[in-house]
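Submitted below is the structure of interest, expressed as structure tokens.
Going by the order they are written in, the chains are A, B, C, D and E; count residues from 1 in each one.
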Amino acid sequence: MKDGHDQGPPLVRLDAAELHFPVGGVVAQLQGRATVVKAVDGVTFELRRGESVGLLGESGCGKTSTGRMLVRLDKATGGRVEFDGEDVSGLTGDALKRFRSRVQLIFQNPFEALNPRFTIRDVLAEPLENARIPRAEHEERILRAMALVKLGDAGQFMDRYPHQLSGGQLQRIVMARALILEPEFVVADEPVSMLDVSVRAGVLNVFRDVRAQQGITAIYISHDLALVRYVCERTIVMYLGRIVEDGPTEDIVANPLHPYTQALVAAVPVPHPDQSHAPLPIGRGAPDPRNPPSGCTFRDRCPRAFDRCAVEAPGPTHVQNRIVHCHLHEPKT
Amino acid sequence: MSESVTSKHRPSGLFARLRRRFGSIRLPLHDPLAVIGLCIYVFFILMAVFAPLIAPHDPNEILFTSEFALAADLTPGTDGYILGTTTLGRDIFSQIVWGARSALLIGLTAAFVVALIGSVVGIVAGYFGGWADTVLMRLADVAFGIPFLPFVIVLAAFLEPSIWNVVIAMALVLWRDTGRVIRSQTLTLRNRAYVEAARVAGSSDLKIILRHIAPNVLPLSFLYGSIAIGWAILTEASISFLGFGDPDSISWGYMLQDAFASQALSKGSYYWFVPPGFLIILIVSAGFFISRGYEQILFPKLDR
Amino acid sequence: MFRLMPGSPLAAYIDPNFTPEQQAELMARFGLDQPLWRQYLIYLGNLLQGDLGESFFYRQPVAERVLALLPNTLILTFSSLILAYVFGVLAGAYLAWKRGSVVEQICVPLVLTTRAMPEFWLGMLLLAVFSFGMGWFPAGGTRPPGAEYDSLWALYSSADFWWHMTLPVMTLAIYSQGLPLLLMRSNMMDVMREDFVTMARIKGLSTFSVVIRHAARNALLPVMTSFAIAVGYQIQGNVVVETVFSWPGLGRELVRAVSTADYPLAQGAFLMIAVVVILMNLVADLLYAALDPRVTHE
Amino acid sequence: MTQPLLTLKDLSIAYRVGDQDTIAVEGASFDVQPGSIVGLVGESGCGKTTLARSLTRVLAGNARIAGGEAIFDGRDIMALSERAMNGLRWREIAFIPQSAMNSLDPVYTVGTQLAEVLIRRGGLGRTAARTRAEELFEWVGIETNRLGDYPHQFSGGMRQRVAIALALALDPKLIIADEPVTALDVIVQRQILDQLRELKERLGISVILVTHDISVVAYVCDRVVVMYAGRVVETGPMAATLTAPAHPYTMGLRNAFPDLASAAGELTPIEGAPPDLASPPPGCRFAPRCPFAEARCRTDVPGLDVYDGDHLAACHRIPEAETLRARAVVSETWEAPA
Amino acid sequence: DEIRTINLVTRPQAAQPAEFQFTQLIAQEWRRLGLDVNVEVMPWEQMIQAIWFSRDDWDTTAWQMVGRPERSDPDEIVYNLFHSTTAEQGFNFIGYNNPEYDALVEQQRVTLDPDERREIVRAAQAMLAEDQPNMMLAHPQSTYAFNTSVWNPDTVVDQSGIGIRNTWSYLQMEPLGDVTDIILNSSDNVTAINPLYISGGTDSWITELVYDRLMRIGPDGLPQPWAAESYEWIDDTTIRVTLREGMTWHDGMPVTPEDVAFSFEAAGSGEAPMYGPFVGSIADITIDGMDITFSLTEPSAPFLTASLSKINLIPMHIWEPVIAEQLTLDTNAESFQEEVPIGSGPYRFGSWTLNEEVVLEANAEHWAAPKADRWILRIVPNVEAALGMLRSGEINFLSDFPGDPTVVVAAADEDPNLTAVSTVDIGFRYVAFNHRRPPFNDPAFRRALSASVDRRLIVGAAFRGFAVPSNSVVSPALGFWHNEATVEGMEAGIELAQQMLEDAGYMVVDGRLHYPEGVSETLGE
């Protein structure tokens, strides 16, 4: 089924989705300094069934926020977030319950994602209870989920508390919890960033295998291009709440189009003694999400910025099989 | 290892489930000071429960000497009155013993009320946020603007003098401290990954509150509850001293008031005003000791 | 709400010799013949104009009386709190430094115990020992009998005044020092664990620099905030202590007004105390903002 | 070869928890040459921070130097008096902490904190300190007008640069950087790493760089020290160690690391987890996870032996290193530890 | 029928330790008679509401009549307290109704001849003793103390029925050493210093010194001329008073007969409602030289005491504009506080520190100028502290001590420099029965309850011996009027009470007292 994704309607669709947070305390409000942080500011993309997409970008660019909107942990403050044709923000009651069993989130920090007072069994039973799965089936489904994440010797873990497990094991439990209801769509928010290098690979492999086996549609959030490349065939690069580039991962690694993506690819260190120490094609400034530059938000760090970048935010440009948001790549008119 | 084997290991039944979920409500037995506090409580609880057996007299009974004169202002030991008698001829020791009842009654109900209201307010405000939070926290601001003791005095003046005034006032005002702290605790809990995970897993708000939030908030409720015991008893004593107390129920605060009103200090009747004061200090400190134990459960970095 | 108090507000004052007409006239004069809600609306209306009404007993404007007593209460409150805080902060820092030592193990429960003492009891004991017993301090009031001062300022700056204030201040301070002490101690212990304190040591700074400039300075922040809030609590302690030490303050007046059903005065005194408490809570917020650059520059 | 700036000999550090000692660093030995960057890599909890901090002798209250020495510039750091040690701190050995946010005092401006070090430790006057502070900020690439700002007003990357400026303040000979880039984005990380390289090249300062990322080591380090569960398992020149590791742990680490430069291959985890330092396994501590472990590995502690020149490793099977390396690249090898 | 639960109202212990104590004692004894007694404690303000203003709704209550100088004349007590016309609204809140008694006390009121009047007053007392409308308990002894090293003990005046805390002492006390200020205490705040406002007990100590009156009650308890040179009854309803020559106000203006007339008119002007009742009987005032003539609406034996000794003389030049202004305001003269109160009395106003002290200075120009230099009143709400201050010398005259008098006496015994003086009070303590509510309408029942407790026990237990047992509203301190027979004839004891109830037909069933045959409980729930 290589590249044989379902050609039907997209499973997930974001249309100019926005997530804005008001910030500033009482003092700021009094001084009229209170503003909003545009964590996600007009993001549009579609996911087809079975697709696995990496969401890449530096810290604070809105990756997690996008993920939270997708699973409806936060409601979009603007635009639309659709799952299977339905507006996610409007879900209530039973529709929401159904949504909850079809869409799951895998958390970044396995040490915090499990209630320290719950045994592993309690953790895994919670979604089952919520989905009204008969109690008699719990044991079997829990064991199945644990087998799925390669915690073969499940019985050994069932009645342990989270602090009695290693980070890698915990992250697998977190995954098992997400997968136990056999969801169609999974958002994984930096699922291995808290893990040691030596155990990371194991968890990544499990993720990759399960996704492929179950045909799950997935978004993998990370700031590490090397990891995204390992699990996703498509990558979306974000900068300050907006998408800058969207296309097949290998193409992006080999030939990044957007100046930001270029810097990003160049900055990734590799475990080889001989590598380029050439300076990065990017300014030193750091983005301030509260006060982004006008026009293209990347322009203040962009080595190739020109007049137009300050006035006009670049729209999507299709370049081959990719979408780039940059004035440099707009068709000359 | 098979499933059946592990099932056997697993403690089942409601009690075990509760115990696992609410394991946080453990007594702070690791802290020597807290253990002392608990012992003091056990002592007073026994004293209160068995007051009728321990106390040789009705604490309100006016006693007479064998010569049919009033048994007033007798020093300890005289005529078998262990701690002597009051100016009105009442047995001080019996009053001390019965005083444990009101102290515990006021202290524990006040603690319960404060902890309960504070926890509910805090959890609701913190968990749901929005207008519920706004309304409740503005209410808390108002409560913070109310000077507590004056408020109790006013309350005592327009209700009948009663030991419950203190409890009512605490219920009306002092939930604010507990409520605020529990709210901020709930706020951090609400954003804990495991709580969000429960939400993504489809748990209802009520379920999340009961299973994930409440158990973590309980030690805080207990902490504030054990402090509230002290406030309640101290406040009752102050109120009694100022003359707004309940004359029908013997409390240590009432005894102090009685002693001061009868010039025990000038008479040098230390046996009269030292024991109730000492017991108040003891039981209030005990509450503080226990609260420190809870603090250490909550914020273990504080010590060691 | 005060009007809901039982007892006739004019009880102590309507002479039984009065004819019914005289009584009615009096009731009318204070508006007591109006329905309750009317009385309250009138009161609120007046309040908005800064009029707290007239005391039933003193027959004087409430605002005048309450304002006259406020300085006495404030000076008692602030002196005792400042003393409590200076002592509490120093002792708290010291105990944090000595954590685990015998001194600490004795002092912490001891401090908790001071907070468990009924203030009037402590006050009476101090009175019995240091005034009646040793005769070192006067038993009450703000000044020696018949002493006259041109102004409040002259009074407050006189040695006699401070001599009279010693015992009440001590009583309140002994009760109040526990809060800053324990707060400072636990903050210090927290802060001492912070990376920047470790860094200060790695930088080779002197122990003094590490403990005072870095640890104490940071630990002090929440303690300072608690000061303002403690003012709110302290003013309550005043109610009792002012009675014990015959201190002409607002708390004592409130007690008296309530027990004589002098609603306007009770209301005014309560309001004034509440205003101080609220102001102090506000000050606490501002103080925190001013002292903590993280808040100031957000 | 020149005289090393720092020589660790059998350094051990223990934490006391309850009435039990946890040896967090055991018998660590390696050299730091002047003007070089030494990478200290290992998994979480293997003792990197403990080792790094011990060189400043500012350790947690329950920590104890259990043995060994650290000869810095001819003096044994571990044996110096507290007074002498304090003289050494920051003037000769500076420290860049992992989280610059928490290591800057939130209530003072960064300028004040720089001045504090310059004046109190460097003996500069106020104006001299000011000039020097501006110089340092220019050096690390922050506008000097931000000296008056508080730490929270800086972004993560800038704070890390402030920390570097602080470390440079008194021209130390050695800077210990404890995971200075772990929490940072790749772009910022690259900029900081470039700065560290510049330190070495322009100022000749030696750096001990603590990290768990071998690609970071590959980017900046001259030498590398690999730790596992409190012990140094391999140390050698960076290029040699990364291309031809002699210890199975280092081999495994390489397999587990994604690599953007080469074709997307499989990643191979090292099964199992590092041991609990409170009760470590006897023998080689890596043995339980090692696919090449033999009986002696589980009983005898391997010493640090020469593999090739100044490339050393602590493994009983050093002589077979080449064969093992060949087997190690096959991921099946790692599936079930022997 | 079983007698319902009887309420017994009393004030809080903190406010009234003795009262609280004797109600506990009485309740305990009444319970032994088979009554279910519920002691209800309420502060004075609430009590007056529950008793005085709700006359039908209470059973029994502890009550007190305080000894004011004007009560040295028995009229106020014997008439007001029991005359049937005052039952609706007035003093007779218990609802006592005895036409025979009414006739007697009306008679004494218009009998100007003292001896004749005395016989009638004694007869009235005997009638009350028979009826037992109240359970009379005791006349307390007020106990005050002073420092004998500061004040010459011989110059301290013990006023009959009042005690040493009186105007005469303040005028005559002679300093022995350097201390020349009378420093005394009060547990109550000074509320106002206003000659037209009866604001509180403590305030009157001040007004009595700052203002003169035409007459004053003397140390013997009888009225004597003060600012009046002399007085003369012209007929039953006319009295002529001659004003003393050469008096001046504290601001230097002379005191004139017009001022005097004005003082009485101001009191009756409606702008001083509290003084109104005391000038109600005056029909007309005329001035002739230094003579002021009062015409009364009816004969009034107590006029000398209740009016002439009561009304403060105030300067017309200060108060006339005030009264005029107050007529236009909705406040009255009671709200007016002079910056410096101006009177003509033996002390002049010095200073007033809110809730702390009032200082008066001796008026050397006064014909009865005090021997002391200043009179300093310290406000000490803490009773215990007041005694401490006397011992430490912070005060030298203990003028207020609501606590246990034995403590004062013990302190005086211990310290040779202190002397305590106890004086039987005009006032008295009693338990009032509500005659409107059965079974208290039955004199036999009242007699029995009254007889149940030996007064000596009450004096000993509640008053610590500092009171005299009483069976009459006229205090033995008023020796001239007091009828000893009523007290001496009194017998008491629980057995006696039980016997009396049995004789009247009451019976005890299952430990509870029941009405006599045929009488049913109408007020039980």
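General observations
Note that a residue touches a chain if its C-beta (ideal position, glycine included) is under 8 Å from a C-beta of that chain, and two chains touch if they have at least 3 such contacts.
Keep in mind the model is a prediction, meaning the values are calculated, not measured.
The minimum number of touch steps linking chain A to chain E comes to 2. Shared contacts of chain B and chain E, meaning chains that touch the two of them, come down to C. For chain E, the chain with the farthest CA centroid is D.
A centroid comparison over C-alpha atoms places D as the chain most distant from chain B.
Per-chain CA centroids place chain B at a distance of 24 Å from chain C.
The distance from the centre of chain D to the centre of chain E, each centre being the mean of the chain's C-alpha atoms, comes to 93 Å.
Inter-chain centre distance (chain C to chain E, centres taken as mean C-alpha positions): 39 Å. The mean-CA centres of chain A and chain D are about 31 angstrom from one another, to the nearest whole unit.
The set of chain D residues that touch two or more partner chains is empty.
For chain C, the set of residues touching two or more other chains reads 6, 124, 128, 132, 243, 259, 261. Residues of chain B found to touch two or more other chains are 157, 241-243, 260, 265.
Looking at the complex, you find that chain E touches chain C at residues 42-49, 52-53, 80, 89-91, 93, 181, 183, 189, 191-192, 194, 197-200, 273-274, 276-277, 330-332, 334-335, 337, 350-351, 353-357, 359, 374, 376, 378-382, 384-385, 388-389, 391-392, 394-395. Across the complex, chain D is touched by residues 194-196, 198-206, 209, 213-214, 217-218, 221, 291-294, 297 of chain C.
Within the complex, the chain D residues that touch chain C are 53, 56, 58, 86-91, 95, 97, 99, 102-107, 109, 116-117, 120-121, 149-150, 152-153, 166. On the side of chain E, the complex with chain B involves touching residues 12-15, 17, 20-21, 24-25, 28, 39, 41-43, 383-384, 387-388, 403-404, 407, 410-411, 457, 460-461, 464.
Those residues of chain B lying in contact with chain E across their complex are 60-62, 69-70, 72, 87-89, 157, 161, 241-243, 245, 247-248, 257-258, 260-263, 265-267.
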